[in-house]
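Just so it is clear, A, B, C and D label the chains in written order, and each chain counts residues from 1 on its own.
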Amino acid sequence: MNGNRFGRLFQVTTFGESHGEAMGCTVSGVPAGLELSEEDIQEDLDRRKPGQSMITTSRGEPDDVSIKSGIQDGYTTGTPIGLVIQNKDARSGKYEPFITAPRPSHGDFTYSAKFGTRNWGGGGRSSARETVNWVAAGAIAKKLLAREGIELKAHVNQIGDIEAPDVSFEEIKAHSEENDVRCAHPETAAEMQDLIEDYQDEGDSIGGSIYFEAQGVPVGLGAPRFDSLSARLGQAMMAVPATTAFEFGLGTEAAEWTGKDRNDDWEFDDSEAHRASEENGDEPRTWGRPTPVENDHGGIQGGISSGEPIYGEVTLHAPTSIPKTQQTADWETGELKEEQVIGRHDPVLPPRGVPVVEAMLALTLVDFMLLSGRMNPDRVDDQPGKYDTEYHPSNPRNE
Amino acid sequence: MNGNRFGRLFQVTTFGESHGEAMGCTVSGVPAGLELSEEDIQEDLDRRKPGQSMITTSRGEPDDVSIKSGIQDGYTTGTPIGLVIQNKDARSGKYEPFITAPRPSHGDFTYSAKFGTRNWGGGGRSSARETVNWVAAGAIAKKLLAREGIELKAHVNQIGDIEAPDVSFEEIKAHSEENDVRCAHPETAAEMQDLIEDYQDEGDSIGGSIYFEAQGVPVGLGAPRFDSLSARLGQAMMAVPATTAFEFGLGTEAAEWTGKDRNDDWEFDDSEAHRASEENGDEPRTWGRPTPVENDHGGIQGGISSGEPIYGEVTLHAPTSIPKTQQTADWETGELKEEQVIGRHDPVLPPRGVPVVEAMLALTLVDFMLLSGRMNPDRVDDQPGKYDTEYHPSNPRNE
Amino acid sequence: MNGNRFGRLFQVTTFGESHGEAMGCTVSGVPAGLELSEEDIQEDLDRRKPGQSMITTSRGEPDDVSIKSGIQDGYTTGTPIGLVIQNKDARSGKYEPFITAPRPSHGDFTYSAKFGTRNWGGGGRSSARETVNWVAAGAIAKKLLAREGIELKAHVNQIGDIEAPDVSFEEIKAHSEENDVRCAHPETAAEMQDLIEDYQDEGDSIGGSIYFEAQGVPVGLGAPRFDSLSARLGQAMMAVPATTAFEFGLGTEAAEWTGKDRNDDWEFDDSEAHRASEENGDEPRTWGRPTPVENDHGGIQGGISSGEPIYGEVTLHAPTSIPKTQQTADWETGELKEEQVIGRHDPVLPPRGVPVVEAMLALTLVDFMLLSGRMNPDRVDDQPGKYDTEYHPSNPRNE
Amino acid sequence: MNGNRFGRLFQVTTFGESHGEAMGCTVSGVPAGLELSEEDIQEDLDRRKPGQSMITTSRGEPDDVSIKSGIQDGYTTGTPIGLVIQNKDARSGKYEPFITAPRPSHGDFTYSAKFGTRNWGGGGRSSARETVNWVAAGAIAKKLLAREGIELKAHVNQIGDIEAPDVSFEEIKAHSEENDVRCAHPETAAEMQDLIEDYQDEGDSIGGSIYFEAQGVPVGLGAPRFDSLSARLGQAMMAVPATTAFEFGLGTEAAEWTGKDRNDDWEFDDSEAHRASEENGDEPRTWGRPTPVENDHGGIQGGISSGEPIYGEVTLHAPTSIPKTQQTADWETGELKEEQVIGRHDPVLPPRGVPVVEAMLALTLVDFMLLSGRMNPDRVDDQPGKYDTEYHPSNPRNE
């Protein structure tokens, strides 16, 4: 309601401003018994953190996460996980000119107009610094999904007018972390890097987009209509700062495809043949589950996952804070002013946005996994334990 | 959670299957005192209903809405409005071949896989017939928004590879209902019509897209982060059947724009000059509120409305039910089969999707209006009344 | 938010006013595959309906329920179940005097003050007629719970100063429907009946209370803290019209008990001995699960079900609409008036409240069953089916 | 859903275990512009904290609250307020015997059975230590309510079989903090103190109850049916640890009252006479708003506030952790054991429960104030500011 909560059963609640004392989030709905440490979370935070390369802001935040609750002997307990990340390198002084003279196309004006006040240092709550919380929560979601065989990954597939050719999921996994741009196609990554540096040198910034994919998603996630998998992904991705478009499957291109071309015919998945019948002691069955021959539908049919990979794309506009001179209007003095946003800012968002998009994808999928009953919302089976009232692994709910 | 509810304060809950007895929805959270009749709702239903032209399905549904509750003497009472729309022209027989042999890229397979059963007549719950409920609820939302000076409208701006040139909001209002395609640019509409008929003749279908715009939205709607105006619009629009992309502002094009080009400089809105100061008895002020000189940001900054028009685009893929032969896999018999979807189907979705997109836009905006406190959630002031414990219009909350 | 929805995964949304055209509710979150007919629902509606005895209102409502959606071939489909119950015997005329002169302690004044309008016929939305929706939805919940071995029942245990002695769950099941008062202790029921008739003859009404109990509830329902089983039962029961108190376990009496007396020591449940160990191939175990020796805790410990019966009590105040003369203040004319509420009203609420309390208990428990993952939210296994993409009963989620 | 969130617009999300590193909560939905400091919160925390008297646990927690976000220059910013309270005096060793041998009637067994694990130190998440979060959030709610003229207070009105006579709201405010028991009737407080000490000396504990009252609540809070003011208070209060009963108005006594006796006749509130008419320029009106002559209804009619004080009572059972010998069953060894709970425990709960009950009352009321539109959800007018895009106090929503 107030915008600080995401998820229905896997619930993330966040707080924090860019230059406040700390960022933090509470992750509620994590089943008990999952092995989890600060290191598990830190890995993704390091992919998102500032100062990691020449094409990211130079702000020096270690982004060390501290787990305050919800873990016992290295395993989750089913109770909320409180996470806190201290802000250490906030330098608010450079933002003073903008207190009453809003930066163009940033949240400065709308926050002040809505709330009549605003934490102006570093953009306060409107800063993309908030996504440190999302990535932290997403790391927990990813760990749960991995237990279920669900793997997901993103990479940068466009910067300015440079588009990467299609790459496979395996290539994304292999190459996206090899360069600062996080583009899985090395040659394109180099071109993108050059382009970004050109804009950076000019005091300008540039937009781009991120491709994401999830594999191993079971058939049946999602719900008819308003909570369809695509609708909830839409909300998740459009919440990512600077996002102006969300596409899945063919995306905007689908406007030009005919039904015959886009429709994916059905065949049988032979790998599953016999399975169901034998398990049930029925007569042998020589075919498996219907499976689409292609995946132009993007892994979602009727709002529900089809078992095929879910893939799509998110467009992020250019960072609004740029050194180039822009005009603003000071609402206190009535002056029109030319201003330059000095601070420490990213010249482009997708490279650091990759773990953010992955996090939102993971948070959305884990929520649907819990809602579908495919994961036990109370506990997973990792933890050997004398805490259990039953000999492990006998679970009362399987009685 | 289960996908049958939309909205947080303005809540729509729907039921119904394509070939079931009736469609229906409950609209809860409508303030009391709004003048409302079945006619107010019917108008938009007629824009969505089947059989309205040669390029829509020939199914003959009058889609007459019946209000079952929540209205007294022609005004809303603040209690839930129950709406029922009978299904009258359901012919399920033609769907029998698909009970165990799913139509390509439709929800047939995923519904059966998820629920182990499925209302197969006409696609059951996965049918776009459900949107009759959305349009009905949206009509109430529009009426409330109109009282607040918010106006919204959509039109078809692409069919296949035919794109309409940019048209103004005034043109959309003037022309979008003048042709069967609902494209506000008459010449393009004629071309689109030809293209659709060509595909229809071939037994195929084609995709397209819808442009939407809302004017008069006040500054300050939306909330930081997960419930940003763009995130909630994303959910709303991606829930529209067959949607594969949602864009606002520059959309996917933003990837290619630099910060300097996309950023909208600030100037003063002179029309508001002096206002605040005089009202407060302060010294005269000679400037108004900061206002962006352009609207490349699409009316949303930092997830919150900027006061500029909100505009964007939704891509709808081609209808999946087509007469052309396709391959399916019958999970009961194990046969691969060639099938033709006969039934009565639309060759293209955007023309009937226009009121649906408008409805989802209206439902999203009215919800934010209520959440922002800009509208009184209990009552509006239309109804003169002896029911009120105070002389009208003295409202207890204004004491 | 607006008060017309109950439940988190098992969601009931209602509409309707006492003298409106129809009552109705949408039940969303019912797993697919449950055999369900209108008769299943009608049985409980008949226990609640008016005119069933001399001590209920004489309004003649058959309360026939019509299922509009969500059922296919006699089984649920996992999509929302739309229910409509026509109002047939509304006579609003007798309520005209109260339009601007509120009945004492009824919702007449507060509804008008809040909404500035009010459906005054029969109390409109504030009438207990609304509970017809709750009982209808509750009947579906009960059917699901029965499949899981959960049984629940209520009876009237106090009318005025006449309290029934404690009776067993078996006695409640055997006797509560044998008399008009719905008290499972026949001798007390006769006394209660006399008392009610005395007040009825005087033109007055009387309060009372309902005892409820649920057996077979598994260990582990509920959640820490705000959504504890007792908190959610508290909400559910306090929503029942005219309820002024909710108690579980010892209830208000717990104030006088010491810790030593109230605490329930632990022993082993021998009936479960060996089970876990043998199943796991471990060394034989000669003891079962810890079980409390008594149940003074009322089946809930730390907000979570203990496996013992859940029991408690709900107090309903006397009906406010009585023939005896009362003073009201007409806000239109400024007159103080003496009025008599003629209409057709119950002299006492608990007898018809029994199925309502059962319904709210069932709705609360089924929601927790779904939230706990103990029930598959998508489907149950009743329906043999060619609709399933797998040979029944192989469920994709059990792969 | 997971039990760690309370509130719909005023949202509290909590984390923390009794012996974990820290407790904490995020309060989202606090309007901007409210002056707020750690001292404002600390005052109530000190009323709840352990070690404050001989009849509370001797655990030494300073319970110093630290605000991590959401405040700028001493005023709220409309963004979430992160609060952290370090745990400093945790001594878990004494809880080791109970890891696999649950304390009678505590949450030890149910938590282990549900989650298969448990933070056993000090009861972990099931400990009433969690309520430190509630009191912190409640302090913010109280401050907002005070601005609206709503005042609330609780006191202990029963310990064991000692009941306090009725006292006025003024007396509660004057005297409840004068003694360790927090009973506003000094003579009774002394008796209660003796009784508590007797049980303490015996190694036992005792139950009791808390009376609460809110004054200044405007007419019209609450919503029809499931979200009635009484239903949401029921949830809030039944969530308080150890609560076994919630009553409002006459509570359980209402069972014995007739309609005629309980109903509150209407008269006119002369203090409001003329007001509405004059303001509207209408002809003079010589009467005010209908007002009940008494308040046996407890301030809520038809689930909506009547403008009269809201009052009720909460029963808390005796603390379960007692030094007296009790029997437990060790699920690991299969032994039945006699155990004594040594630790540091309260002999009675109501004295420290008073600020907890007040907090839940405040959280419930402030939520309804926001939902009713009576409070601006975005901002209050305390803060003079250059942050506002308009000259203060001109609020864009009042345009």
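Here is the rule we use: a residue touches a chain if its C-beta (ideal position, glycine included) is under 8 Å from a C-beta of that chain, and two chains touch if they have at least 3 such contacts.
The UniProt protein names, listed by chain, are A, B, C, D = Chorismate synthase.
The shown structure was predicted, so the numbers you read here are calculated from the model rather than taken from an experiment.
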Relative to chain C, which chain has the most distant C-alpha mean position?
A
Between chain pairs A-C and B-C, which one is joined by a greater number of C-beta pairs in contact?
B-C
Just give me the whole-number Å value for how far the CA centre of chain A lies from that of chain C.
42
Whole-Å gap separating chain A and chain B, where each centre is the average of the chain's CA atoms:
27
Cα-centroid distance, chain B relative to chain C, in whole angstrom:
37
Can you pull out the residues of chain C that are in contact with at least two other chains?
1-5, 8-9, 14, 79, 109, 113-114, 125, 219-220, 224, 285, 289-290, 331, 371-372, 378, 389-390, 396
Chain C residues touching chain D in their complex are 1-6, 8, 14, 101-102, 104-111, 113-114, 125-126, 130, 158-161, 199, 204-209, 219-220, 222-228, 230-239, 243-252, 254-260, 262-268, 285-287, 289-293, 296-298, 301-307, 313, 315-322, 324, 326-329, 331, 334, 336, 371-372
Which part of chain D faces chain A closely enough to touch in the complex?
1-5, 8-9, 11, 13-17, 20-24, 26, 28-29, 32-33, 68-70, 72, 75-82, 84, 99-100, 109, 112-120, 124-125, 331-332, 378-379, 383, 385-390, 392, 395-396
Per the contact definition, I'd like the list of chain A residues that touch chain C in the complex.
9, 79, 218-220, 224, 275-277, 279-280, 282, 285, 289-290, 371-378, 389-391, 393-394, 396-397, 399
